[in-house]
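Below are two complexes that have subunit A in common, paired first with subunit B and then with subunit C.
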Partner chain A sequence: MRLLAAMGQDIRFQFRHGFYYAYAVLTILYIIVLRLLPDTMVYPALTLILFSDICALGFFFIGAIVLLERGQNLTESLFVTPLRLREYLLAKILSFLFLATLSALLIMLGASIGGQDLMWFVFGAVFSALIYTLFGLIFAARARHVNDYFVKSLGAGLLISLPILAYIRLFDTPLFYIFPTRATLILLDVLGTDYALSEKLFSVASLLIWFLILGSWVYQRFNKYVRHPA
Partner chain B sequence: MIQVNDLHFAYGSNTQDTLRGLNFHINDGEIFGFLGPSGAGKSTTQKILIGILKNFRGSVSVNGLDLQKLNSEFYESIGVAFETPNLYTKFTALENLEFFAQFYTGMTRNPMELLAAVGLEEAARTRVSDYSKGMKVRLNFCRSLLNNPRLIFLDEPTAGLDPVNLRKMESLILEEKARGNTICITTHDMHVADTLCDRVAFIVDGEISLIDAPRKLKLQHGQRFLELEYRDGDKLETISIPMDNLGSNKTFQNILNNYFIETIHSREASLEDVFVKTTGRSLQ
Partner chain C sequence: MKTPIAVLARGDLKHVVRDSTLVLALFGPLAITLLLWFLPAIEMLIQSRLSFDTAPYRLFIVSFLSLIPGMLFAMIYGFIILDERDEAVIDFISITPLRKEGYLTYKLIMPMLLSAGFFLLIIYATALIQLNPIHAIGIASMVALEAAIGTLFLVAFSENKVEGLAFSKVMGIMYLAIPMVFFWNSEWHWLSAFLPPFWIAKAFIHSQTGSIWIWGDLFFGTAVHLAVLLYFLRTFLRRQ
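Now for the complex of A and B:
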């Protein structure tokens, strides 16, 4: 009940602060771009567009949401109610996941894209959105305002996006397999490229492991810097 | 209700303690005030009592429950209004209250009735971003009462209120006391402490120098004299007369019988006088 209430409020909060409008504009733009591209370029473009839509944007938007909330001193008032920290975090993550997944689905529907490996693709999209939301939350936990968040998170954001270099065939190294971005790019790319089952399974495992590590890290940071700041 | 022994607290990596060995208790059903200047440690103490700040030293128990071991159940029965109003600014007052009410398992108060009590019924459907500072303070107060709390923490509850709403707020706080609730107020407003609190603790530089009832303090530190202003023809005269054996004081009788008295005041100390005298600091 508390989780549902918090999640509903987060969705309304995002809506009233214009995040849904921003996503609607971007989603329409992406659909137009995909429809204008020649067939051979649609799938690679889709992978990069979804990477930017659900990962990069999510990473920055979740920080903006948390800092808007902090600017209104809301966390203090939420944590003197029976709302638990895990409920607060889950509400943030799920509400944002809803927005990112909705946008990704609309892009796919709008661009009439589908395929046999849809399950792998959906898993990749959902868990990638989760992981980059968690990344954003790690930086948001200590940032004082939006600019501070962008400055602190930009370097890390660029760093974890390095496997894009391999995707666009500029530079590759086995070290990229450690990055969650590698797994994300593989799973978002399965509709247009044939990957070995082992590679897809490795990507799923990688995202799950990253999810567990980042989830517990976010909880600890919020507990220390937001729930009980001192 | 609340028992605090030898409470110490330091922020972050500070080597100096912000709170330095506080000892006090708050009884069931009383209004207890922390009075002190900005930065004295009032809000820090309150943040410890409501479980926001951990890592304190000493012991703090609320209703016999050790605060180091509290869980979220604790928040079912307390209400908190922070000094800085913390509300969803793009939501209306009613939406704010309805949202927070969903977190409690017990019966909650009717948001519209709460808003009406603080004079905000007509602004119930106005977004908080369009509220004045005083309106936000009143809405904040409503939120602290949503869950029918037995223990209420109010940080500077009258800051930014005009005289009419100040009086309204004071009477609402007294109503909560009449319901049997315990209220802990932090303030640097002498009038609030004097009017509302059953007992006050003077806190300066993280230490409590004195705890007592405002009335008792004012009498203890005052002088047993009456101060009279009276008209002697065109002249305004002032005289101080000892209060002991006042009935047989000839000068007093003479003034009463033969002059036009404009004012009479007993010369008890003001709470501010007592504060300055015992702490050596002013409240500003």
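Now for the complex of A and C:
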């Protein structure tokens, strides 16, 4: 119940700050672009749109949100209430998942995109969105201002996005399979490309493991720097 | 005697050295410059790996990427203003001799100078296209005005940094005018003439084809940029 209430509050906050309007505009634009593209380009474009924007939206916004809450001393009051840290963090990542899923769904409906591997695709999109937000939360826990958050998180973000080079077939190495983004790019791409079952299973396992690693890391950082700041 | 601007600049410099954010923030524009520096090699790689000839798109790539540093500086300074507004720093400055107007002027001139500088650096250091220096200065001044427009857009309509971030997402749409000018073979592309980058794309094309219309682009382009800038400036000052 507490989790649902916190999530509802986060969604309301995002709505009030124009996230839903901004993504309504972007969703319509993406649909137009996907409809104008030649057939062969539609699936790669969808993969890149989801990878770089829709699934990543939590990563983009979470820094400023946590900074604003900390600046207004909201977190101090919040953790006096029965709300657990785990619920606070889950509400944050699930509220972004809601917006990302809504936007992705509308884009796919608007551009009439589907396929038989939809289950793999949905799993990939959902866990990518969760992981992106967790990744942002790691940096949000200690950021001092918005630019500080972006410089640190984008530096690490660029590094972790290196498997995009393999996706556009410019450079590949087996090392890329360690990166969560490699798994993301495979699962977001299953609608347009055939992947071996082993590759898909590997990607699912990779995203699950990364989710657990990042989740516990974020929990520890928030416990140390936000709930019990020195 | 130290002018208030010098004091403010020294404060910013201390800020930069202390937490190195802005030094690192230069990384984005430098990365774009480096990317364009290696563009001929990347074009060859794409040609050999994907057998796709990118040469016809070079002017588009250069004009699009040369505007990205401006967008980044607009965002960096926009977020500085938003952070300082959320922390009530602007209220403190408004009672010093610098006043709110001086603060804003300084925070707008910095992204303007940086983006115009990077624009000229990208065009002449990479030498990917030959641009008439007079045309380049005309375009660079539009690029500078555009950076100020971007910064003001982020701060004029938003209540705090979170809303500013949502606006920064919408701001990217402005740059859609460039592909529209280059690739939409229809008179309908004039629909995007109210977007400032439209005129920069037009100026690039007319300068390269040696068309007399370049002067029209520079004139009307500067006028559109100034009109948008003034509108955002008024909105910002009214809402403060």
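Rule of thumb we're sticking to: the second predicted complex is superposed on the first by the 227 of 230 C-alpha atoms of A that agree within 3 Å, B and C clash if a C-alpha of one lies under 4 Å from a C-alpha of the other, contacts with A are read in each partner's own complex, and residues count from 1 in each chain.
Operating definition for what follows: a contact is a pair of C-beta atoms (placed from the backbone, for glycine too) under 8 Å apart; a residue touches a chain by one contact, two chains touch by 3 or more.
Remember, predicted model here, so these are calculated numbers, not experimental data.
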Overlaying the two complexes on subunit A, which is it for subunit B and subunit C: clash or fit?
fit
If you stack the two complexes on chain A, which partner ends up touching A:Ala230: first (subunit B), second (subunit C), both, or neither?
first
Pick one for A:Leu105: touches subunit B only (first), subunit C only (second), both, or neither.
neither
Hey, in the superposed model, what angle do you get at subunit A between subunit B and subunit C, Cα centres, nearest 10 degrees?
90
If we overlay the two complexes on their shared chain A, which of subunit B and subunit C does A:Asn73 touch? Say first, second, both or neither.
first
Looking at the overlay, what does A:Leu118 touch: subunit B (first), subunit C (second), both, or neither?
neither
Contacts of A:His17 with subunit B and subunit C, given as first, second, both or neither:
both
Once the structures are superposed on A, label A:Thr81 by its partner contacts, choosing first (subunit B), second (subunit C), both or neither.
first
After the superposition on A, what does A:Ala5 contact: first (subunit B), second (subunit C), both or neither?
first
In the superposed model, how near does subunit B get to subunit C, counting Cα atoms only, in Å?
9
Residue overlap on subunit A between the subunit B interface and the subunit C interface 17
Partner subunit A, residues of subunit B touching it in the complex
11-12, 50-55, 72-73, 75-76, 78, 80, 82, 84-91, 99-100, 102-105, 143, 147
Residue set of subunit C touching subunit A in the complex reads 19, 21-22, 24-25, 27-28, 45-46, 49-50, 76, 79-80, 82-83, 86-87, 158-167, 169-170, 173, 176
Subunit C contact footprint on subunit A (complex, rising order):
17-19, 21-23, 25-26, 29, 60-61, 64-65, 67-68, 71, 144-148, 150-151, 154-155, 169-170
Residues of subunit A defined as touching subunit B within the complex:
1-2, 5, 9, 12-13, 16-17, 72-74, 76-77, 79-84, 227-230
